[in-house]
Every structure is written in structure tokens, then in C-alpha cells.
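Two complexes, one shared chain (chain A), two partners (chain B, chain C).
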Partner chain A sequence: MYYIDLAVTGVSFGCMYAMMSVGLTLVYGLLRILHVAHAAVFALGAYVVVLVANATGSIALGFLAAVIVTPLFGIAIYRLLYEPLLRYRPDVPMIASVGLLVLMQDAFRIMFGEQGVTFRQNALSFTTFDFHGVTISAVQIALIVTAAVVFAGLHLFTTRTRTGLGWRATVSRPKIAASFGVDPVKVRYLNFAIGSALAAVAGGLVALLNNLVDPSIGFVVSYKALAIIVLGGLGSVRGTLVASLVLGLVEAYGTIFIGAWLDRDAIAFLALIVLLMIRPQGFTGARTA
Partner chain B sequence: MLIRNRRLSALAAGSLSSLAGLVVLATFAASPARADVKIGFQAPLTGPAATDGKSAQIAAGMAVEDINAAGGVLGQKVQLVTYDDQAKSDQAIFTANKLIGEDGVKLVVNGSYSASGRAAAPVFQKAGVVMIAAYGVHPDITRAGDYMFRLVHLGPPQGAATALYIGKTLGLKKISTITMDNDYGQATMDGFIEAAPKYGVEVVNKYSYSLKDRQFGSIVASVKRDNPDGVYATGYFFTGGPLVAQLRAAGITVPIIGSQAFDSEKFIEIAGPAAEGTYIIDSFDRDRKDEALQKFFTEFKQRAGYAPEGVAAITYSAVRLMADGIKRANSAEPDKVRDALAATKDFPLLEGNMNGFNSLHEMIMPIQVNEIKGGKFTPAGSITDLNAFAPPEK
Partner chain C sequence: MSAYTISIVSIIGINVILAVSLNMISGFCGQISLGHGAFFGAGAYAAALAMVATASVPLALLAGVVAGSVLGILVGFASLRVRSDFLAVSTIGVNFLFVGFVRKQSWLGGEMGISGIPPTGFGASGNMIMILLLACATVVFSLYVSRSWMGFAFRAVGEDEQAAATLGIGAGAYKLAAFGIGTALAGLAGALYAFFTQFITVDAFDFILSVMLMAMVVIGGIGSTWGVVAAAVGLTLLPEAIRFVNDYRLLVFGGMLVLVIRLAPGGLAALVHNLFARTRKA
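So, the complex of A and B:
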């Protein structure tokens, strides 16, 4: 049972990482910018969920508000921060992005307090199900189901719909796509909107799991998600998904062998270094959106 | 494009400088216009440790007001000179030098974490400045020299006392340990693991986690497999809260024993019903019939909007002790204050009476235990065998 418990934990870690990293991958694939401020979008999502949920008494409304607010915020980041800097070298927008992240973290601290915000009612994080000795919490189920739906949806969207095809075309061949009438700016907006909404959902779920949203909630995203997209082969959604799941499982099973000496993050980064030595190009060489 | 660009950066720069201005203003506003005895104060007011730093700052401000309301020291007012050390060693050294060079401060209360207290200590020692570390637990702080004092039990003695409490008082045999891998978490756990066999406590398995972590799924699954009699975890309330919630959610019902820094109302808020039955070692007795403590509680809550935790209480006491040292020395000269502090006997801290300092200027005092019952901190005895957790001597 222990190994299955760990598998459940690993997969739920993986789903969480996948949802927080996919926005980064999308932005990198399209604009070649390391969108570090994505961590701030994630944190914003978590704050919106907890604040709206506490104000209205409905966690569902919290998530609804978050997927409305964060895409607008993501688009604003593109329009106001990245677009004016696109003409410069890619490290310029990246530095601006780091600046925005630091600013947002302190803004959260000043506005909502150092102590963080907890859910007034969070039955979800204290509800667990027992399947013949394997314990799964309601939030873990929510994480796994949401990630499955999101990635299946994303796949259908990019292979079956006109907009999705246009998006994918813009990522791989921007000029040809434009000549076929795909508006590259619209694609960018769409990109930031979807990536931000997914980060917000992940942020909200992590908030439920921790029962705490503090200014440092975006930390994990800021370093681990960057590692994941490198491992996933920069810009590939499929690679990101695979890398996230691998990392989640490595962290979970790593606890058995080296958990006494190394924490989860150290195990993850050790694995990352080893994997990149074996496959410097990441899991997938090909770029798809 | 360029113009908007410039406007944006001007905007950013403007808001940054106004932020900095605010901080400076706040520092000045907090101190009286004319004051004579300066006490330097370092705390992490920004960054990830700002939660504790803010509490420490409010408490230190309250202590100064109380001292001045009671006539100050040596017929003069006390003035607090505050700097943000961000709980970083480089920032701690930088602000320590500022306190010494620019502000001419001779007496300092460090309301910060080990990392910065440890970095600042040698700087102050070299300049002959007295420093009281309110809650920085790294051993190097007092080892820096004879001008250093500490008002918190060191990590290893806390751990040793925990082993005594778990083995003798709770009578638990098999323990899984979960260590937060920073100075404080590791030092405390080392003391526990060393002392555990003396009290018949066996460590079944050891796990560690990072300060940034809030998801403990794999540790929880492993503890479940260990099936221990109890779980001992070191950490802060913001890691301990999610940890305890996740352990309980997985159906682990054995007693959970947490280290000192679990001590916060916020811990109960985060862990919710799961907090019930958690023991906190070296936690402070909030219900003690003590006028000063009850007054502090009420006033702190009014100012901060939340109840004070151990960090706030000990920082308040540290500033009071410094003032008491000045009074007893009948001088603000650092050498005399140092000698007066070293001779401290039965000083009333908000947590209770401290016996005094040992030769290394480590605090000697019984350790209080709380249990969370009905969503409240409830006294669960105190560990009075001072020899069982004696701090190191010189």
C-alpha cells in the first residue's frame, strides 16, 4: 500500500507542477521569454481564490473569479511589460519579469499581511477517501482530475479547432501562419490568458491543500517550474507534462531512499541534473504547442 | 513604444522610491523626537521571514513605550533605532555596521533569525557593542564573545528536553522524526536524537523537508507506513500547520509533537481541527496570571490585529531586559551593561521568570509545554529538570 500511496502523492505533485508550468512553456515557445513573473500570476490566483471564497463562502466562486481575473492580468503583463521590450534581447524582458515577481511578492505582503490568509471553510483539505488502505485526499483527486481534463482539453483545442490550429501554427512558423491570416497578437493574448488561468487553478488547488496562502506561495513555481520546462524541452507542452509527472514521482519515491538526508526539493534538483546530463535536450526534442 | 517604456520604468522607480520613503518615515515616526539612550534593533521586515520580523518590531516598539512611560532609564528616554536585515547575513552585517558607525549605537537587540544574528554577532562583539539575541538559536551567536546574550533555549537543549518529555511524560517509545532543514530545525532535531535513547525513545525513521515546502504527501505516506507511537517535527507554524493538517488527513492519529516555532495562533488557524492534540515544546503559557503578560496580549492584538506569538513576547522581554541591565549598571556604557546583564537573576520575562545566564550567556529557564485543546493553547506541564537540557558552557 505504501508504494501506491507514494504513487498517488507523486502523480498529484506532478499534476500540480504540470498546471503551474504549462503557462511558462507556452510563453517560451511563442516569444522565447522566460516568463518568471508567472509565479506571481500563480500567487495572484491563489489569493483571489482564498479571498473570494472567504468573502462569499463558496470555493467554486473563488475559482471562477480567479480564472476571470488572472487571464486579464496575464494579458496585461504581455501588453504592458513584454511587448514594449520585445525588440531587445530576450534577457531584457526576463529581467523585467523578475522585477515584477519581486514587486508582486512584496505587494501581496503589504496588502494581505505577512501571516498569510487561510480558508474560513475548507472541508476539502480535511476530506480523505480510503481505498483498501490507500489514502487519497479530496484535493489530490481534484488536482489529478483537473489536470487530466485540462490537458485533454488543450490537446483537443490545438488539434481540432481553427483557433487552436492557428495558435499551433503561429508557434512553429509565425510568418507562414500570419500569411494565412492568423493574427499573431491575438495568439499571444490567448497564450497568456490560457497559461495564466491554468496557473490560477493550480494556485487555488495548492492553496486548498496547504490551507494557507502566504506571500511566498509563488516561490515553488519560480524555481521548480523553470526546471521543469527545461527538462521538458523548452516550449513543448507534452514534454512539460512528462517532466512534471517524472519529477513528482521522483520526489515521492525519493523520500524512501534519501528522505532522511535530503528534502524533496534537493531530491528533485539532483534528479534534474542527472536527467539533463543524460538528455541535455530534454524529454522531447520537437516543439509542439 | 520607447516613450511608454520610459514612463513605465519611471513609474516603477517612483513607486520604489516612495516605498523606501515610507519605510524611512515609519522608522522615524516610531521613535520619539528627542531621545537619549539608543537601542539598536534588527529584524526581518521584508522577505520571507517578514512574518516574524513584523511581530518582533511591534513588540519592541511596545517595550520602548512602556519603558519610557515608566520614566525611561537613567532619567533619559529610550530610543529604538530599527533596521531591516531581511533575515540575510549580508544585510545583517551591513545594518550592524550602520548601527555602529552612523547611529553610534552601543546596545542592540537582535529580533531576527539565526542566519542574521550569527552574522551580526562578531561585528558587534568587535565593536564592543552588547547584543541580546531575542530568538536566534544558532550556537555561534553567543560564541562570538562576551558581549553576546541569548534569551531563547538553544536548539539542542530544546531537542533534549523534547526527548525527556516524549519518553517520560508522554511515555511514547517509537517516534518518526521530521526535520526542517535549516539551522534551527536541524540543531533542535540533533539534540533530540542524541538524548532520545536516555529516555527509552527509539527513532523509527527520519525525514527532512525544506522551509519553502508546504506539501508533505510523500513524508505523510512514509510516516503512515512507519506506524509510530508519535511524530516529532521541527519547523515554523507556516510549515507545521500544513504538515499537521496533512498527517491528520491521512488518518495518522498518534500524538504529534512540534518544536517551539509552531507556537502561533496561526498554526491553529492553518491546521484547523487537525491541530487538536498537538504538543508544542517551549511554547509560552498564554493564560499565566501575570498582569504584564495580559496587558501585552491585549495591546499587541490591538496593534497587530493578531495574537502575539513567542517571537513577539520574547522580543518585548529582550528590550525590557536591556533597559533593566542599563538601570542595574546605572550606566549605558556597554562594558557595565554587559556585566549587569551577566549577573541577571530571576528576571521576569513575559514567558515566566528566567533563572539567569550561564558562563556562555545562554539563558537558564524551565521549558513550558502547551497542548492544543479546543482550538486553544493549553498548558501541558513544564520541563524543570534544568540539567537534562543544560546549554553548553564556555
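So, the complex of A and C:
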């Protein structure tokens, strides 16, 4: 039963990583920028959820506010920071992005305190279900269900609607997509909006899971997400999904097997560095690293 | 000199060595490293172990330099395989791996770090003078490299690997050389840090430190030795001089990093250069 518990933990963390990373991999696919500050968007989402939920008493309203605020913030990052830097080498916007993340993290600390903010009412995080000895918390179920709905929705959107097709076309062949009348700038806005909203949902769910939002909430997750998108083959949503679930499971089981000599949070980077050494083009080889 | 002044000057010296050595890797040779803290840490731990075992200062310095450069050359091999922004991610990974690994090693003191490192015997001001001498030597060495054939080759590789190859400059060897030299100096700084504090924990070498060092290089003007020295001194003194900056250190450093890249990508060095160019024209 212990091993099944670990599998549940692994899959629910994997779902969270997937929602966090999909925006990152699509930004890379479109702009060739490593959007490190995506973690700040994730943290912003978590803060908005907890603050609005505490103010209004409704967690659902908190999530609604988060998916309205964070897309605007994501678009602002693109418009004000990345767009003017596109003509430089890709590491220039990346360093700016790291600067923005550090700045935002400190800003959260200054505004809301080192200790973070807890939910005033959060029945969800203490509700657990028992399936023949396997314990699953309500938040874990929420993580898995949300991720399933989100990825199914994303799949339908990118295969069945004109806007979604244009988005996918721009990620894979920007010039040809533009020649077919897809506005590349609108696609970028759409991309930052959807990616940021997903990161905010993931952030809110992590906040519910821990019943806490502290300034460092996005920090380690963000660097893991960088590892995930490389492992998943950059720009590939399917690869990112697989890599996220694999990482979630490896971390869950890895804690008992190699936890004695390596931090749980370092496993992702070990995998990343080993993979980059063996296959610099990533798992799938779809794009060159 | 008061004990406070001595400790500030020592920290400035260590930061100058770190920033100038990072500038050799990222500024001269164009290989963005966001894991300089790991090499600094490797040097500090190696020197601390050597000091505890032998109490010999030259041996500890040597241990720091060797540990830093061995790890650095290993990471340098990564730079031969991946493109520049992925190298940056790999070096972030190296930093997290270093911290995650050391934290779990009981022979390195784990979470508690290594305490009770024997004193060098020079006293606080003796240590400070040693640090300053080595910092000056690092700056002179950096200026020398910048003007040498190797510096030219570094810049050629940093600007355009293919073009460098047509001039007969093999990118691989020079990237490895840049990593080897830069990280050896970071290891040296680590040894000096271990002498200075006589107590090290792994939290002193985390990713935030690496970001701070990159901020010094970018704000000073990537590739300019004097600009980076000025930024290292200035950014070390700033939190001491202004209380606000000390409380909100990351906010200020992160903000400066974003603003400098966005508004003046050449950093301090380019600003000063432009100012001189303008006055000369007038």
C-alpha cells in the first residue's frame, strides 16, 4: 500500500509540474526564450488565490481572480521585458528573466511577510478519502482532475479551433503560419495568457495542498520546470506531460531509494544534466538544444 | 582599522575575485554560467577539509583551486555539448545539485556545515591583506588575459564560434580553458572565504549567490574587467551603506539586473565609455 501511496503522490505532483511547465515550453517554442520568471507568475497565482479566498471566503472566487490577473501579468512581461530584448542573444532575456524572478520573490516577501499566508478556511486540504487502505487527499484528486481537464481542453482547442490551429502552426513554422494570415503577435499574447493562467491554477492548487503560500513557493519548482521542458523535448506539449509525470514518480520513489545521499529537489537536475550529456537534442530529438 | 572595516574589505576582495573570474567565463568567452556559487563552494569545502586535516595554508589554497577547477572543467564539457541558454540552465542545475548533494553528506557536515576550521595564523588583518593581494593579482591576470592572444580567442569564440573556427581557433579548447581558469579562481576565493569565516555551511553557496555574481558582471558591463571590479565593490558596499538596500537586497539587485539589461545592456563600462566618447567629440 505504501508504494501505491507514493504513486498517488508522484502522479499528483507530476500533474502540477505539467500545468506549470506547459506555458514555459510553449514560450520557448515560440520565442526561444527560457522564461524563468514563469515561476513568479506561478507564485503570483498562488498569492491571488489565497488573498482573494481569505477576503471573500470563497476559494472558487480566488481561482477565478487568479486566472484573470495572471494572464495580464504574463502579457505585460512579454510586452515590456522580452519584446525589446528579442534582437539579442537568447541568454540576455533569460538573465533579465532571472532578475525579474528574484525581484518578485523579494517583493512577495516584503508585502506578505517571510512566513507567508495561510488559508483562513480550507476544508479541502484536510479532507482525505480512503480507498482500501490507499489514502488520497481531496487536493490531490483536484490536481489530477484539473490537469486531465486542462490537457483535454488544450488538445481540443489546438486541434479543433482555428485560433488553436494557428497557435500550433506558429510554434512549429512561424513564417509559413504568418503567410497564411496568422498574426504572430496575437499568438504570443495568447500563449503568455494561457500559459500564465495554467501556472496560476497550479500555484493555487499547491497553495491548497500545503495550506500555505510563502515567498519561495515558485522558486524550486521553476528550475525543475526548466529541467522538465528540456527532458520533454522543447516546444512539445506531449513530451512535457510525459516528462512531468515521470519526474513526479521518480521523485516520489527516489526519496526512499536515494534520499540518503541526494536532496529530493536535486533529482530533476541530475536527470537533466545526464540527459543533456547523452542526448543534447532532448528525449524526443524534435528540436536542438 | 576596526574589525568591521576589516571584514567588509575582506568580503569585497572575495567578491572581486568571484566577479572577475565569472567575467572571464561569461564576459570574455560568452559562456553564461549561473552556477558560479557551486565552484566557490567546492573550493571552500576542499580548503576547509584540507585546513582541518593539515592546518597548512598553502595546501588549503591548492586544494581550493584544484577542487574548483576540476568541477569547472567537468561542467566545461557541458558547454561543448549544449547551446548557450541551455548551458545556463545546466549550470543552474549544477548549483542545485551541489547544494542538494552536500546537504546530505555527513562527512561534509551536512546541514550543519564545517565549523572549527583552524585559523591561518595571520590574524584578521593578515587575512585581509592576503585576500587583497590575491584580488589584485586576479585583476591584473584578467587584464593580461584580456590583452593576450587567449583573450582574443575567447572573444572570438564568444562572438561567433563558426567564424572563430575559420581563423583556426577551436572553440572547444578555449571554452574549457575559460571554464578551467574562471573556476580555479572561484575555488581560490572559496579557500579565502573558508579562512575568513572559519565556518562554512552550504547555504552560503546557493543559487542566489550565483545570481548576485551575475548581477555584478552584467551591471559592471559584461566583458569589462574594470567595470566588473567597480560593480563588485559598489554592490558589496551598497547594502552596508544604505539600510533600505540591506533589507530589500534581492529586490534591489533583481531590479537593477532587469533595468540594466533593458535600458543599458553594456552596463557601467559602456556608460562610462559613451560619456568619454561624447566629451571627446564636444
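Here is the rule we go by: the second predicted complex is superposed on the first by the 266 of 289 C-alpha atoms of A that agree within 3 Å, B and C clash if a C-alpha of one lies under 4 Å from a C-alpha of the other, contacts with A are read in each partner's own complex, and residues count from 1 in each chain.
Keep in mind that, in the parts below, contacts are C-beta pairs under 8 Å (C-beta built on N, C-alpha and C of every residue); 3 or more make two chains touch, one makes a residue touch a chain.
Given the structure is predicted, the values throughout are model-derived calculations rather than measurements.
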Touched partner set for A:Ile273, first chain B, second chain C, both or neither: second
Partner chain(s) touched by A:Asp106 [first = chain B, second = chain C, both, neither]: both
Touched partner set for A:Trp261, first chain B, second chain C, both or neither: both
First (chain B), second (chain C), both or neither touched by A:Pro84: both
First, second, both or neither for A:Val92, with chain B first and chain C second: second
Touched partner set for A:Ala252, first chain B, second chain C, both or neither: first
Which of chain B and chain C A:Asn122 touches, first, second, both or neither: first
Shared contact residues on chain A - chain B and chain C: 81, 84-85, 99, 103, 106, 220, 259-263, 265-266
Chain A - residues contacting chain B, complex: 1-2, 5-6, 8-10, 12-13, 16, 80-81, 84-85, 87, 99, 103, 106, 109, 113-116, 118, 122, 125-128, 130, 135, 137, 140, 206, 209-212, 214-217, 219-220, 251-256, 259-266
Chain A partner contacts - residues on chain B that touch it in the complex: 1-2, 4-5, 8, 12, 19, 46, 48, 50-51, 53-54, 181, 205-210, 212-215, 217-222, 224-225, 238, 241-242, 245-246, 248-251, 266, 269-274, 305-306
In the complex with chain A, residue positions of chain C that touch it: 32, 34, 77-78, 81-86, 88-90, 92-94, 96-97, 99-101, 103-105, 207-208, 211, 214-215, 218, 248-251, 253-258, 261-262, 265
Residues of chain A defined as touching chain C within the complex: 32, 34, 81, 84-85, 88-96, 98-107, 110, 220, 223, 226-227, 230, 259-263, 265-266, 268-270, 272-273, 276-277, 280, 288-289
